[in-house]
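Shared chain: chain A. Partners: chain B in the first complex, chain C in the second.
Our next item is the complex of A and B:
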């Protein structure tokens, strides 16, 4: 009985520990993009991974950083240990305490400290700073592994080698090092694992245009995770497990040697199979690192692009690079607010950005953008006149921006779960659908819904109107299942909710996955938004930025991006190229004029307006 | 006496402010088996390490064959060391361990093979060439360490308590082996130990040390029979060390009774220590000796009996082949030649320095 309970207990503990990872691994083989639906077994995410250059670059960065920082930290750490052993006991204790502190210290403190140091010393953040940071935090791990075993080594061994005529370094290499090697190797593996694993310190020291796997995955998570990332995470998990196994295997061998289990030298030599496996693993890492090594030779002709996540076909980047010889450093932001904060902090970090309407107005007003050289962008003529006209609400002379995507905000609903006609925002306040409603976790979109419902302008700065909208949103709170960003689509596909405030661009994809879904722009009106490409004032390579925008305005390129992003393209030539008639004439992708008439674009509210909205939003979220 | 090989002049050394060696002078001759003997912390190992080049003296000079080698690194000295804990290279087999020094000297392969064979034969480990050190017993490992040292044909072999980690039986066997080795090799051995029996058994010359000073040097017989102070007497074997007064030359008052002795030159009525070895105390029936006493313990030790005799308020240790049962009334007498008279220092420091001239 007792042993049964013990086993059950162990089982539960193991389940708790490994259920999350198992979920991840299972999902990495799910052919449906939705977490909520099992679409059959597939390897396609793993295959996609191999073809995703941004992920492969991040992988190469991770491996190269890990490899170099491990080698450097291992050498420095081991030498430090030897030095520490030569000290008097008191200084030794003090020094060991001091070197351990970075390990105990919160990563975030280490990360911020390093970032500050790099800023103060005017280091350009990127590969170099991340490498230095990784070496720094890896040294204590190496020391932690090496020091205890160095203590157990008979110091006479080194003296014996000297005594027999060896020069000091040779003596160390031949006598102490072989005994120490397993610990050094264990320390190196530990450091390697830590380096691959690290997110926080990397995040603070990486700057723009440089990602390791962990920061890459973080960006993806913010935008809604792609199944490729499940596959990638599964691979990382496997790799870490293998490293740990190798590490403990080495320790095991060391103990066997100490206990005199090996009678003859041949007994302790590693077998041919083990040697081959080890060599293959090392070769794999080295080749991979070398293959992607080219990423780090910084060329002069670079273009730094900052875009929302999953908002461009990666193949387009390759085509642009191949044609122009310009190297594109492509970064993704999670929300416009984060993008804006980043640009305020370092206004020269990116050359070309793709923000939304009201944000463009804000950036123009704050002098963060430069006027476009329209002679360099002849393909702008492919953009429909109505979209240029609509852009005047945030870019009055059409001089700063070129539209890229546009769409409406509406209600995505599951017709098997909703009986009533969906033609008013009121349905989101209907108690019948309590717990079935998804709202956007975004200030402007949430207020837009409440303001439009009462017939107010979605750009209002009238405190009275906003007060009413706030009260409505608070009243709605108990009915809302969750405030989400990108998860709305997945939840709707999986049938987890009945109604969701969604961008029109998500709809075609969602309907493809779940034919029960419908989209409606309520009669009270809604938001029509435009995302446009702009060039920053401090851009280091404005010519390349103009070429980039012109390239994206080519009909066939715009079509590729439309196929990838599924958000409506303002490029009329591209729209004509869409093969699928249902898509080309889709009411969702290209709503009729009657719908558009009901919709307005967001305009920039000014600092006061921003503050007013965000204070009201806090009330809504806290419910007071 | 043979040629002088090593000379230490005015060697001082301290660790962490603690003085370990103070102005030490020592001469070692060719082909001698010299033992540095003393309790732990006496400076014997430090002296050996200075000779080996593992420590630099704070002051003083080291000469080897007439050359000043004070600043010469350990790897360039013509001597080899056998360490207490063997210090074998655990990742190399026995043959590789032995070949280590020869490979550094770029000796030809055949020569190395031959030397390994010869050395293993010398230390009775033939056939162990390819064993790993971890799988050998302590005694075997120490033989490998010795073999590893001697293949380099050093002029001097330094041995730092090499038998310290071995059990008693093995230790005794190894003592004879070391003597044999020394005779076969014909080189100088400098041996460090705290075991007086080891020192007496193996050495040609013993240097007794305490607190950084040399207390006495001499042949084992000199040291044993004529300890120059109470420390040496106490450290070397069991002794009756008794406070006494030198009445005049050749007459010493021990515990209120005058004894005839052979020592002179201490002055008149001077406080001294006398050393009388237990086997030199003679027990005779009551009335035939000098002081009366009573046997309090008697134990059979094989070759002799060990007895304790209460006489004149002192517990005498007595070794004799003739038994007097516990409780017997006896007399004690001592041959004048067996009374060793020593100066009595006033304090411990003085005791340490007094003999160091």
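Our next item is the complex of A and C:
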């Protein structure tokens, strides 16, 4: 009876632990890219994975970092634990306190503090700095696993071994280590797992052009995960299970060969042969890592590109590389603000970036961009005149930027759930739709909705107007289901919500997955935005950057990107090439002048303006 | 080695140097940022900002949710640790590994999977509907965040508790029973005190990451619930006010001190318990 209850209890906890894993494995076979809808069974993500170099590269980095940092942390941590036992109580407490700091601190503080250190010490960020960071936060996990069991070990045995003439290390290896081995292994396993799982510390210490699996996923979480990642995670998971099964089988065989408890215990000792093998393996990995570390230092003919997540067809990169012989290092950012923070830390990290209007103005004002060499970008002529004209609001002489995508902000709604006409932002304050509304989790877009609804300018810096908008947003808060960025798309496809503030570029894709969805730009007006390519002031390879921009302006390339991204292209030649007439003339992708007339672009608010908005936004988010 | 001060120092010195460079010095930089303004002048403002309504609410909520999560984790993990330690079968290594295994799938992916499970039209509600049971409405609430915290940090509670439970000598338990203690007394007087180091480890490993998380609250709370971790993250990545972010981090770091004191107290208590036990274990005390 008791064992049945025990089994049931374990079963429930295991179910709790494994339900999400099962979900992810199921999603890896989902032919729809959206996590919210089952589109049928497919193997295609597994097949795509083989060709996806960026994912495979990130996987290699993850594993190498995890292996080396685990071995280093386990050795340092175990030795330190033994040392600590003999220290005075006070020094031991202080040292343990210091050790706990990386665990106790918010990851982001640990990450930022290390980043500051690396900057002051002029370390080149990349493989080496990530490794140091991982060793640092892995050591506490090893020590926390080893220390408790070291305390329960009776030191008299060790003393006895010494009395009987054993050398200290030999005595330790024979009398202490065997009992310690399980916890050392547990600590190492924990360290390895933590290393694989970490993302934020890696994010701040990695520099440009170096990604682990988790920083790659982090970029994609809000936008919707590339299904290849589900496939890869499922494979890793399966591999680990197989490995465990194999090792348990071997252990089982050994156990049935040797009988008796004592022999079983001896089995847990690490034999000399195993120790040599372990040492050889670590040496091999270190050499491998140094080789890879070399790969990530900057080479001559490389171009560092920084773009929003899933905002370019990966095939375009391959074509560009094949044609020009320039190697592209492609990184993705999650929000413009994160991109900006990164550029302030290291202004030479990227050559060419794709930010939005107001951010471009901010970067121009702060001297972070260089003027384009227009002679090298002849294909710029393919960009429609109206978009160049619109760009003047943030780039007055059209000298810094070339438009890449554009669109409006509006309301995506589900026809089956909304029976009122959607032509005013007011509907987002309608109690009828309480819990059915998704708001944008970005400062400017959220305030734009509230400001436009009251008839104010979306670039206002008037504290009174902002105060009113803030009050409105706080009043709206109980009705809002969630504040999201790109997740709005998946949630709307899955029928989770009735109304969502969203970018026009998401609409074509969403309607494809769920035909009940409609899009509307409210009568009070809205925001029209442009994302453009710019070249950084400190770019190390500006010629390649110009070539890159010119390449993207080719009609057939712009079309490839449009098909992949589904955001409206300002490239008139590319638009003419769109085969599907409904898409080419879509009111959503290419709104008429009557709609554009009531839409404005964001302008840069200045440092004070930014601060004013962000303080108000914090109030909205916390509901005070 | 255990008593030789020279060897002890020698063994712990490499790590002390490492900790100095990669823990203490960077921390000093955070403190520097926290106590200066943008022009580099000394100020208390960044730290004092915790008293503002928004920040204080975020901290309070984070404390509440992480305490709840820690308690839930402990209540779930201790019986499980006992079951695991009790069943000394040949595959006990596998059983333990079962609880770490999920961590091999990226933490963000797993948290995202909970979204698919918990949503109003998600998997769990779908199953409930088929069974004609009332649905749950937990997504985008504090409840969902607690589920996410418990899910992500439960292994950190299970492992140290299991480790210390399984290193208890059976003879100690048997002796207690022989001397007339009933099951309850054995548990409270012998088993529980012996596992205090494991429990303290577990609580540290659950409470702290839960307190400082921002990813879980963002994904499962629909960004509607702001924890102190979210605020700090926003100061560094969104608002780009490192001084304020560092100042608030310093406040958070006070919990290191609290944790140190609590651990030291537990350490103390444990060693005194050992001294009271006539089993000779007190030989381990270094003083």
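What we mean here is this: the second predicted complex is superposed on the first by the 414 of 624 C-alpha atoms of A that agree within 3 Å, B and C clash if a C-alpha of one lies under 4 Å from a C-alpha of the other, contacts with A are read in each partner's own complex, and residues count from 1 in each chain.
Here, a residue touches a chain if its C-beta (ideal position, glycine included) is under 8 Å from a C-beta of that chain, and two chains touch if they have at least 3 such contacts.
Keep in mind that what you see is a predicted model, and the values were worked out from it rather than measured.
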**Message:** Applying the document's definition of touch, where does A:392 land relative to chain B and chain C: first, second, both, or neither?
**Reply:** neither
**Message:** After the superposition on A, what does A:154 contact: first (chain B), second (chain C), both or neither?
**Reply:** both
**Prompt:** Who does A:174 touch here: chain B (first), chain C (second), both, or neither?
**Reply:** first
**Request:** Tell me which partner A:461 touches in the superposition: chain B (first), chain C (second), both or neither.
**Result:** neither
**Request:** Give one of first, second, both or neither to describe whether A:51 is in contact with chain B, with chain C, with both, or with none.
**Result:** neither
**Item:** Per-residue contact with chain A, leading partner among chain C and chain B
**Value:** C
**Asked** What is the contact status of A:163 with respect to chain B (first) and chain C (second): first, second, both, or neither?
**Response** first
**Asked** Across the two complexes, what residues of chain A are contacted by chain B and by chain C?
**Response** 88, 154, 156, 159, 168, 171
**Message:** Quick check on the complex: what are the chain A residues that touch chain C?
**Reply:** 6, 9-10, 13-14, 16-21, 23-24, 27, 35-36, 76-77, 79-80, 82-89, 93, 95-110, 112-114, 116-117, 120, 132-133, 135-136, 139, 144-145, 147-149, 151-156, 158-159, 168, 171-172, 182-183, 186, 189-190, 193-194, 196-197, 199-200, 213-214, 217-218, 221, 225, 229-230, 233, 236-237, 240-241, 244, 248, 251-252, 255, 335, 337-338, 340-341, 344, 441, 443, 477, 480-484, 491, 494-496, 610-611, 614, 618-619, 621-622, 624
**Complex interface listing, chain B residues touching chain A** = 16, 52-54, 73-76, 79-81, 83-85, 87-93, 96, 100-101, 104-105, 130-132, 134-136, 145, 148-149, 152
**Message:** Help me check something: in the complex, which residues belonging to chain A touch chain B?
**Reply:** 88, 154, 156-157, 159-168, 170-171, 174-175, 178-179, 257-265, 267-268
**Asked** If you look only at chain C, which of its residues touch chain A in the complex?
**Response** 1-5, 7-16, 18-19, 21-27, 29-30, 33, 53-54, 57-58, 76, 79-80, 83, 86-87, 90-91, 93-94, 96-117, 119-121, 123, 139-140, 151, 154-155, 159-160, 163-164, 167-168, 194, 197-198, 201, 204-205, 208-209, 212, 214-215, 219, 221-224, 226, 229-234, 236-242, 245-246, 249, 252-253, 255-256, 259-260, 263-264, 267, 280-281, 283-284, 286-287
